[in-house]
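The structures come next, written out as structure tokens.
In the two assemblies presented below, subunit A is common to both, partnered first by subunit B and then by subunit C.
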Partner chain A sequence: MDTLLDIRDLDVAFRTYGYRAHVLKNVSLSIPEGGRVALIGETGSGKSVTAKSILGTLPGNAHVEGGSILFEGRDVLQLAEAERDRMKGTAFSVIMQDPLSSFNPVFRIGRHLDDVMRFADMRLGERSSPAERQKRIYEVLRKVQLSDPERVFSAYPAQLSGGMRQRVLIALALLHQPKLLIADEPGTALDVTTQDEIMKLINRLVAENGLSLLMITHNLGVVRQMADDIYVMRHGEIVEHGPLRQLFTSPREAYTRELVDAIPPLYGPKVVDQPAVEGETIIALEGVSKTFSERRLIGRGSEHVAVKDVDLAIRKGEIFGLAGESGSGKTTVARMIMGLIAPSAGAITVDGATMAGTGRSDAFRHLTQIVYQNPGTSLNPKRTVGQTLSVPLTFAGLERARFDARIAELLRHVDLPAHYVSKYPHELSGGQKQRVAIARALAANPKIIVLDEPTSALDVSVQKNVIALLQRLRDELGLTYLFISHDLSLMRNFCSRIAVMLRGELVEEGEPKAVFAEPAHAYTRALIAAVPVMGDEEEQMKPSVSAEERKRFLVDAVA
Partner chain B sequence: MHTNLLDVMLRRLLGFAGVMLVLSLMIFVLARVVPGDPARIALGPSATQEQVDAMRLEMGLDDPVLIQFVNYVGGALRGDFGRSLISGKPVATEILELLPATLELVLVTVFLMIVISVPLGVVTARYRNSWIDNTGRFFSIIGVTMPSFLFAILLQLAAANFFPGWPILGRIDYTLTVPQGPTGLLLIDSIAHGRFDVFVSALQHLAFPALALAMAGIGQVTRITRSAMIEHQRRDHVLTLKSFGVPDRVIIFRYLLKLSSIAPLTIMGLEFASLIGNAFVVELVFSWGGFASYGLEAILQKDLNAVMAVVLVSGFFFIVANLIIDVVLLMIDPRLRFKEAR
Partner chain C sequence: MTVPAMPQPEALSTRYMAWYRFTRNPAAVIGAVMVATVILAAIFAPLIAPYPDHVGAVVDFRNRHSAPDLAHLLGTDKVGRDILSRVVFGFRVSLLLVVGVLGVAVPVGAALGLAAGYFSGLTERIITGFTNVMLAIPPLVMALAIGNVLEPNLVNAMLAITLLWWTWHARLVYRVSKSIAAEDFIEAARLAGASHWHILTREILPNCISVISVKTTLDAAFVILFGATLSFLGLGVKPPTPDLGSMVADGRQFLPEMWWEVLAPGFAIFYATLGFNLLGDGLRDMFDVEA
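Presenting the complex of A and B:
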């Protein structure tokens, strides 16, 4: 096989205000023609910078200090700018990561597609009429399984679902039949089932069109389906590379092993079963529904049923997992338990007290606290750790004089050094920020903590530590967790009981062991089947989903 | 989707009516609270107490305040704001006569604001932190901070020094016969009547007052446009287009400009309020003789009926301007149109 892309000893540094950050150090990577290569690494490892170096979209303060990028034997770094621009979208193109932010919200989808095609045509010296381009675009849209290209073409980004927008991003990359496709974490922002569909689509397109693929990801489960060769990157260096099987089964470097081990298994001997918890019920939901309605001055308003007739009993000391995709109503349930919104029907009892509307007494409010998904946005960047922690302490009615002692105690709980009290969020890593968020939730001495995807913004190795911390805190402080997530492999190992929600209804409930061994509801099967796993044995143990069932739950695939 | 659009507009219109009602209540109460008997002001210090009492009766000043207010609003809805306490003529007639002059000035000012500040904002954002950006920012800060009357005077001085023949007072050359109707806006009327000389003269007269009035807005809108452009430049959707080699000029002038016009448009609606306020002094400096100088006169002479009418008319135009901007925003930003579809 000939080499299509060959990166040799690439050195890239960022310079800002005289400060130099060396982000790529001697990076070498090669992609054979028709080959699928994955570049994996955690946040800040330099994998996206590598992609941008190939594409030529590095920011202005980045400098290529050495090395070469050979594409079909020509060094793209030596090419004139016009020459290089001509390769964009035609020799290689990129599938952007985030379908939600990769389109300009005030322009139609078709406008984006047409402009990309028009200027690429112009650079290739081809003349094309708008009507002819539209025809070609429709064809590509059909190729990415968007069955109604007319509607997609004339829609605004906000009118399409995340999965559809991700498909359009793929179409954007395929407008001119490039040789190399660079996929930058495609589908990570989507639900598992949609992500699964997207991966299968990319795989099929790569195979059918004989493309080469450079897959950039932090998700090792995805890698197994999508790549033949793997490069592992850390701190701007390639730590290890080799064929997929070898890397997964017998990694040479400790770091690679750490990455592989940090993935929670879905099936097999490594799975951890959390002991079932017997005890009194601390949270009880009886026939709880929530309808959001919008009133109009004229005509009929619209109603949206977010939660439909949910019965739930969570026992003291449990780690109760609530799974479901976006829009399934799991966050609404959590917010009702916290007393942030009132249910439209049904009764909620928390720790023996029945919730009566949102205007509750302070004592009630201390019962339940929350840890949000993204510590980067849930912490105020202008407040130090100490200031952040004193807010809930003030409302918990603690005397000022005892603040310092209590804050030190909280930091000890989450394994942060005492002097972190004066640090600002930007001085902390993602994992440390999440620890601060956990400490903040603990400040008011709650009995229940809602964990809203607490680790999905973190790297896998960090996720492992945060999960261990949460487990320890539950044992030490006798907490009950309501764990909201769509990461089923994590839930399998972390929760003592799980429930699955679909379109506002509870469709499955039970202990993880039983649910994963024999999922009762077809949707649960579809969810589990979509989870990317590490090994073939695990793949075999997943429940099977019939095509008809798939169609029923994956409404997204049909445009 | 359409019902939603209609619904949004209907809500705005209801809000409009509510704001006007509250505004008229506030100004009415204020006018009744300030010391000084309107009847006495109308008749002057030499009138006898009997004459004043008769006048009070005629003006309805002895009725309960609520009745007075209802009568006033009822009149205002029919375009009757009472008579001027000073001239004795209907306030509505006086205002209608002077309104076109101010309207013309304001429209030209808004036009200047857009054509100067939007390109300036784009250029300063494109060449961020260069000398172009620094110069642009320097002048926008001056525009924001310097009071417009000072600007007006400086412009007059500059005109007198550097363009001696340039008119700096009034709306039009006195030697010209001004065509009447149909709009009262000289720029439009002159063209309607084919009078090119009037058009040129009116434009010359407009240049400096409009510039003085526009300066504050130009500074503000330039800054907002610049920061919106910079903000959006970093977004993923720009990177998408760049990755596929869409040229910079297309990204800037098509994709970024439309998205970045949302914030400055909103600000312009708010700027409109200070624009009306500044018009009071700028008109005075340039002897413009419009609605705003009428308002100033009314305040100084305590012509309460005229003051009330001026406030209500100013408020009316402020709200209309913001309604127009709301409609433009609805056209620009599809997300406002189908919010609930998501």
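Presenting the complex of A and C:
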């Protein structure tokens, strides 16, 4: 097999604020013709900078300090700008990662596609008529399994689902039959089931059209399905590379092993079973429903049923997992339990007290706290760690003289050094910020903590540590967790009981072991089957889903 | 060129990054220098002005309308007073107006904006509604009305400007406050039991400070300009107190022969206004905010 792309000793540095940040150090990487290569690494490891170097879209303050990028034997770094521009979209093109923000909302989908095609045609010196371009675009849309290209072509971005928009983004990359497709974390913003469909689609396109693929991701489960060769990147360096199987089964470097081990397994001997918890019921939901209604000035208002007739009992000391995709109502349930919104029907009892309305009494405040998904937005950027932690203490009625001791104790709980009290959030890493958020939740001595996808914004190795911390805190402080997530493999290992929600209804509930061994509901089966896993044995142990079932539950499934 | 290697990214403080951005922006530095000269001139006016007594009702008919020379660097006016001295003292009046107007308008506007953005519902509707009504009043008409009802002097000119100026700050802070109020950390503070007062002053306000300071700097330029307009129309400072606007008005009748009588105060207005505008733009880039 010939080499299509060959990066040799690439050195890239950024100049910011009078300093030089060396972001790529001697990066060498080669992609064979028709080969699928994955570049994996954590946040800030330089994966995206590598992709941008290939595409020639580095920001102005980046300098290529050495090395070469050979595409079919020609060094693209030496080419004139016009020539390099011509390669964009035809030699290589990129699938963008965020289907939600990559479109201009005021233009129709067709306009987005047509613009790209028209300008690429112009650069190539080809003339094309709008009608002819439209025909070509329909063809490409059909290729990405959008069965109704006419409708998609004339739709506005907001009228398409996330999965469909991701498909359009793929179509955008395929317009001019590039030789190399670069996929930068495709589908990470989407639900697992949709992501699974997108992965399958990219795989098929690559195979059918003989493309080469450079996959950039942090999700090792995805890598297994999508790549033959793997490069592991850390701090701007390639630490290890090799064929997929070798890297996953016998990694040479400690870092690679760490990455592989950090992935929670779905099936197999490595799975951890959380012991079942016997205890009194601390949270009870009986026939709880929530309807959001919207009143309009003119015409009839609309109603949206977010939660429908949910019965739930969570025992003291449990880690109760609530799984479901976006829009399934899991966050609404959590907000009702926290007393932030009132249920439209049914009763919620928390620690013996039945909740009514949205009023959060003082006693209730000590009962439940929350850790948010994104530590970047859940800490006030203008307040130090100490100031953030002192808020719940003030209002919990602690004497001011004892604040320092309590804050030091909280920091000790979450394994942060005591001098972090004076740090601002931007001085902390994502994992450290999440620890501060956990400390804030602990400050008022709550009995229940709602964990709203607390690790989905973190790197896998960091996720592992945060989960271990949460587990330790539960054992030490006797907490009860309500864990909201869509990450089923994490829930399998972390939760003592899980429930699955679909369109506002609870469709399955039980201990993880039983649920994963024999999922009763077809949706649970579809959900589990879509989880990317690390090994072939695991893949085979997943429940099977018929095409018909898939169609029933997955909005974006191929019709 | 050797560039030092980046320390840990966390090690760069926000203050360092802001300062770096500011000092790499020549326009911002020039603006800061201009503003500094205006403020220093105003503070040390009695020391700088060659004829400090010319500020008052001094008449020196022997030297009236004399062109710029060594004795009077910027010439003299129709009663023989030194224009340079009067311009330097004119900065005092302009800055007094800025401090008086913005000292009241900014806190009031910011407080109303904060409250409107944080409390939804009736509070929000009343404040934004009232702000919009006030925005619809032309400032000059308001100043004329107040000048007619009360007497036209510096205090009333300030009052007229202040009555309308807070609206811009209310609007701006409202927008920022509303978006900050939707952040997770505000809900987290509420769940932790924080009072409304705590959330408004300790959680939201610090996030608005950069926007407010940029807007206030840019506003200083407009207040100077607007104050000069009022004095030009005879609604501002009473003679013989030197004011840049009334000096332009006085000199206007002797154009084009005695050009210095208009040009000197006119250029002083231009200089102060430009300085504050450049500084404000620089601060905007430094804080990286929209205002």
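We adopt the following convention: the second predicted complex is superposed on the first by the 557 of 559 C-alpha atoms of A that agree within 3 Å, B and C clash if a C-alpha of one lies under 4 Å from a C-alpha of the other, contacts with A are read in each partner's own complex, and residues count from 1 in each chain.
What we mean here is this: a residue touches a chain if its C-beta (ideal position, glycine included) is under 8 Å from a C-beta of that chain, and two chains touch if they have at least 3 such contacts.
Everything quoted here is computed from the prediction, not taken from an experiment.
Undergrad: Answer with clash or fit: subunit B and subunit C placed together on subunit A by superposition.
TA: clash
Undergrad: Counting only touches as set out at the top, which of subunit B and subunit C does A:Asn104 meet: first, second, both, neither?
TA: First partner only, subunit B.
Undergrad: Determine, under the contact definition given at the top, whether A:Ser378 touches first (subunit B), second (subunit C), both, or neither.
TA: Touch status of A:Ser378: second partner only.
Undergrad: In the superposed arrangement, does A:Val94 touch subunit B (first), subunit C (second), both or neither?
TA: First partner only, subunit B.
Undergrad: May I ask you to decide whether A:Met338 touches subunit B, subunit C, both, or neither, giving the answer as first, second, both or neither?
TA: second
Undergrad: State whether A:Pro392 touches subunit B only (first), subunit C only (second), both chains, or neither.
TA: second
Undergrad: Does subunit B (first) or subunit C (second) touch A:Leu428, or do both, or does neither?
TA: Touch partner of A:Leu428: subunit C, not subunit B.
Undergrad: Which positions of subunit A touch subunit B when the two form their complex?
TA: By the definition above, subunit A touches subunit B via 55, 57, 85-86, 88-89, 93-94, 96-98, 101-107, 112, 115-116, 119-120, 123, 156, 158-159, 169, 172, 294, 296-299, 302.
Undergrad: Report the residues of subunit A in contact with subunit C in the complex, numbered from low to high.
TA: Touch list, subunit A to subunit C: 14-22, 338, 340, 360, 362, 365, 369-370, 372, 374, 377-383, 387, 391-392, 394-396, 424, 426-429, 437, 440, 443-444.
Undergrad: Over in the complex, which subunit C residues touch subunit A? Could you list them?
TA: Touch list, subunit C to subunit A: 3-7, 9-10, 12, 14, 16-17, 20, 183-185, 187-189, 191-195, 198, 202-203, 206-207.
Undergrad: Show which residues of subunit B lie in contact with subunit A when the two form their complex.
TA: Of all residues in subunit B, those touching subunit A are 3, 6-7, 10-11, 14, 235-237, 239-247, 250, 254-255, 258-259, 262, 332-335, 338, 340-342.
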